[in-house]
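Consider the two complexes below, in which subunit A is the common component and subunit B and subunit C are the respective partners.
Presenting the complex of A and B:
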């Protein structure tokens, strides 16, 4: 017994070493992928712009210069002005605050709550029944329609979007985490840890969670993309963020009536959403490839 | 098989019921008096009282709940506060355009997505494959509303080939009425085409490397026979599984697309009713669209069970 235990302990340390080694090379593998680098740069750039919006934006996003209505993109206004003479670039930089802020909040909240629920669900039978029935109910609504229902009852507002999208995303995260947990807990190394009388907490946090992390991180990037789209969609429909708070969806929505004369009002905000979502997807693909052992063979050559 | 069907059907019913109750209580939780919300601040107390009686708001809550649940069964969902029209009639007229739009987009998406995915896999690493991969990756990231607007700008405004917005029922316009649906379908199905192409390509590549495909090839079967009879058939299962998932995206897409193209469907009805605070319509429309979604997913499950002999009907957890 003692011998077996030391042997297992040995195996664990070697395993830990290889895992560490892999992780280091994992980041390297990711950044060998030029698309992943570009996506990462775009997203961090947008994020930084959102954080420092008041200092980065050339104009006040709500300042109306009536004389300069519908100015085409140029040196004065890089992305032109809208029907009230407001600077589109400034509105989009401030809009990134709403759009990115909502997405970050939703992803962090649903990642935290969803992962916890999934882990609990995968480990405790009785909690599983309850949690799964609740997720069934929440997932019965088609995603955007579920968010619409919540927004209909809460009214427009940035916090309300976060709540609505959180309710849409959280059951999905819980489901995926639960699936991963159920697979992992049948694995030999978990059985071994249980045999060694490791506590449930230790098993969950030291063994299950780190191993479930890589598919989850990929899922979170997709979630981020989905949230950007959903926020823009809700705001576009006029039931997302209130009109006085600029968001990419609001800019797009306001511009559509003037599409014939001012193409930039439609093209620019949409392009911002498109590239942000594309970046999330590409980053997710990159992270997935890192988790794919076939990539290692290729990278080592 | 029958047991599986029965079981699957039975799971939808309690789900719908719980949803109906949830929607009912959500509506009660709304701040303010619904009658006051409808009539506006200038209404006299008598007017509010009359409307309350008309809306059964003077009755106890359990009576109202029973009324609403009974209404779902009998199809009498009450009257719209705003339009003075039975809700069920409004829902029915709005349902047809949405169904048409969603199902046609699904069909179009499946055709193009599967085709592109299969071609891409057969010609792996060729120029065609690379182009398809780039296009499908970008398709997945295109926001519905943006694409819709750009299509309107290009085909409606600049080229003038297709109507900018509007809708005509098949009864009134015949085949010509479809011209109103071309742009909406393109806008809606793009994201789904992207996902499907990607997944079909991956699945097809998997299948093409399976032993039985190699066997078929080495037997000297003609290329198209190997692809169609052996590889493609197995890829179809992926398509069916994904179409359930695509429906979720398409219904969300329909809500946005209908609002861009002024199509009088469920999505537009929900959004305009939210803005008008016509809650009974919102509540009923969301119920109906969710039920429809569950039902279509149920159909997908059945098709899946028929197609894949490996699915065991007994052990499937509803």
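Presenting the complex of A and C:
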């Protein structure tokens, strides 16, 4: 018995050492994924350009150089000029302000409100009935149609886009959070916490939320991608941001009449949107791996 | 509360005539019933009542290792939860340390009762480090960070986990180590009663042995009281001093000391349970001599009239179909609910 005990002790200490060695920070895991790094760089780059647009952009986005209409991409205008002789690169850098700003605002708002609603409705049965009926109502419309209807009602304007997309996105976040909560609240460790007489706040914020978080963060990145698309779509249809505020959707929309002669007017903003959406998805994949402590050890293999 | 006070209560016969002072009661439950309303589908009426626990009385004294045995679905886990003050009972009273606790489940704290679960991996939050998991009951009752750390480290050592595991996550531990974490979490508040719901059944046999020795060691060291719910009679025989056998929401036989039930099982169901169970010693029992309990456990929504065991009982007579047998003390400390068991044990 004594011998066995010491042997057991030995095994434990060696095992413990390997536990320590195996542990890595989540950031390291994320940045071992090259696609995640590229996506992260693209998105932060775009974000920084958007923030510092007036200093970064080579021209005033609304300055019309009529003599230089439809200039192909070159040294003077890196991404060419449009039908009014405006610099496409400058317009896109300023457009990133609208597009990214709207997306960030929508994602933060709907993440905060949607997660709270989802947790409440997953945890309290009474509230669930009410909240879920409201989300049913909001989700009865296809996303873009719902946003269109709200925009038609409110009129164009950046704040209105945020509000419209928020109303479209929030029930989806609430739904997913509720689903996660319903699954988690049946887990033994939640029951264990209840048996230890842990308060509801403790159970929700310390037990359910951290476990619901990794699928949610992944969903938020998809939401970000969806919002970029939706904003571009609304602007393209002419009921998004007003014409004097450039956005990727506006640039794309204005260029579509000249697609055959001036390909850069549509291809460049289209590419920007495409890469941004792709980056969000790839970054989401990376974050998913980090959110799960079980992945810390495995990623190296 | 001493033995005499307990003995005056007619609801629960005690081990009379042993002549020694019995330790104080930790938990006494009297005629507990726990019924679940079965809900039908949308707009339909209730489908019936599931009587998971139907009139159970028992008492657990300080220092007891109380074993609760029975087949799956007999209500032993439900009884454990009701006894631990987690599920409110439908009827009956529960006394904890001599004081009745109300239907409100919030009255007992982690200082009174703690639980250990069968679902070893599921019982630990996968996103938490071991140190936070063990310290959680202390955090709930508002201990300071310093006390939490000291106690966590102390009990990690007590359950045989080295401190390297403080920052580990549950998935980095083996099954046995996870159960040690659960045990440390249950002990860290020094509770008066620990309810273990099938604590061994998810473990390998070799690890089971380690965990059992650990529970016994800790019991001696901290003067603990256990209620162990299990279907494994061999384990219960090894560790328990009191054993109760449950069948369809009722206790059919109870023995203090537990050994009485193994040497002389009185209820036909206990006999069947013991008979269907293989002992390590082939001389004690031969495999071709095993008498297997006939039939299935009846539907607990519609339990049989009279003695609940009668459809499966080989001694069944008319009275068993009509009249429900009451618990009788056959010999000191050994009680059974059967019409035909005589005082000589036949």
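Operating definition for what follows: the second predicted complex is superposed on the first by the 263 of 301 C-alpha atoms of A that agree within 3 Å, B and C clash if a C-alpha of one lies under 4 Å from a C-alpha of the other, contacts with A are read in each partner's own complex, and residues count from 1 in each chain.
In this section, contacts are C-beta pairs under 8 Å (C-beta built on N, C-alpha and C of every residue); 3 or more make two chains touch, one makes a residue touch a chain.
Worth saying up front: this structure is predicted, and the values here are computed from it rather than measured.
Contacts of A:193 after superposition: subunit C is touched, whereas subunit B is not reached. Residue contacts after overlaying the shared chain place A:256 against subunit B, while subunit C stays out of touching range.
Contacts of A:211 after superposition: subunit C is touched, whereas subunit B is not reached. Contacts of A:238 after superposition: subunit B is touched, whereas subunit C is not reached. When the shared chain is aligned, no partner comes close enough to touch A:201: not subunit B, not subunit C.
Once the two complexes are laid over each other on the shared chain, residue contacts for A:34 go to neither subunit B nor subunit C.
When subunit A is checked against subunit B and against subunit C, the one touching more of its residues turns out to be B. If you check the complex, the residues on subunit C that touch subunit A are 84, 86, 106, 108-110, 114-115, 117, 119, 122-128, 136-137, 140, 160-162, 164-165, 167-169, 171-172, 210. Contact residues of subunit B toward subunit A in the complex are 15, 18-19, 22-23, 26-27, 29-30, 137-138, 140-146, 149-150, 152-153, 157, 247-249, 251-252, 255-256, 259-260, 270-271, 274-275, 279, 282, 286, 289-290, 293-294.
Residues 8-9, 12-13, 16-17, 19-20, 22-23, 187-189, 191-199, 202, 207, 210-211, 293-294, 297 of subunit A are the ones touching subunit C in the complex. Per the touch definition, subunit A reaches subunit B in the complex via residues 136-137, 140-145, 148-149, 151-153, 225, 229, 232-233, 236-239, 249, 252-253, 256, 259-260, 263, 266-267, 269-271, 273-275, 277-278, 281-282.
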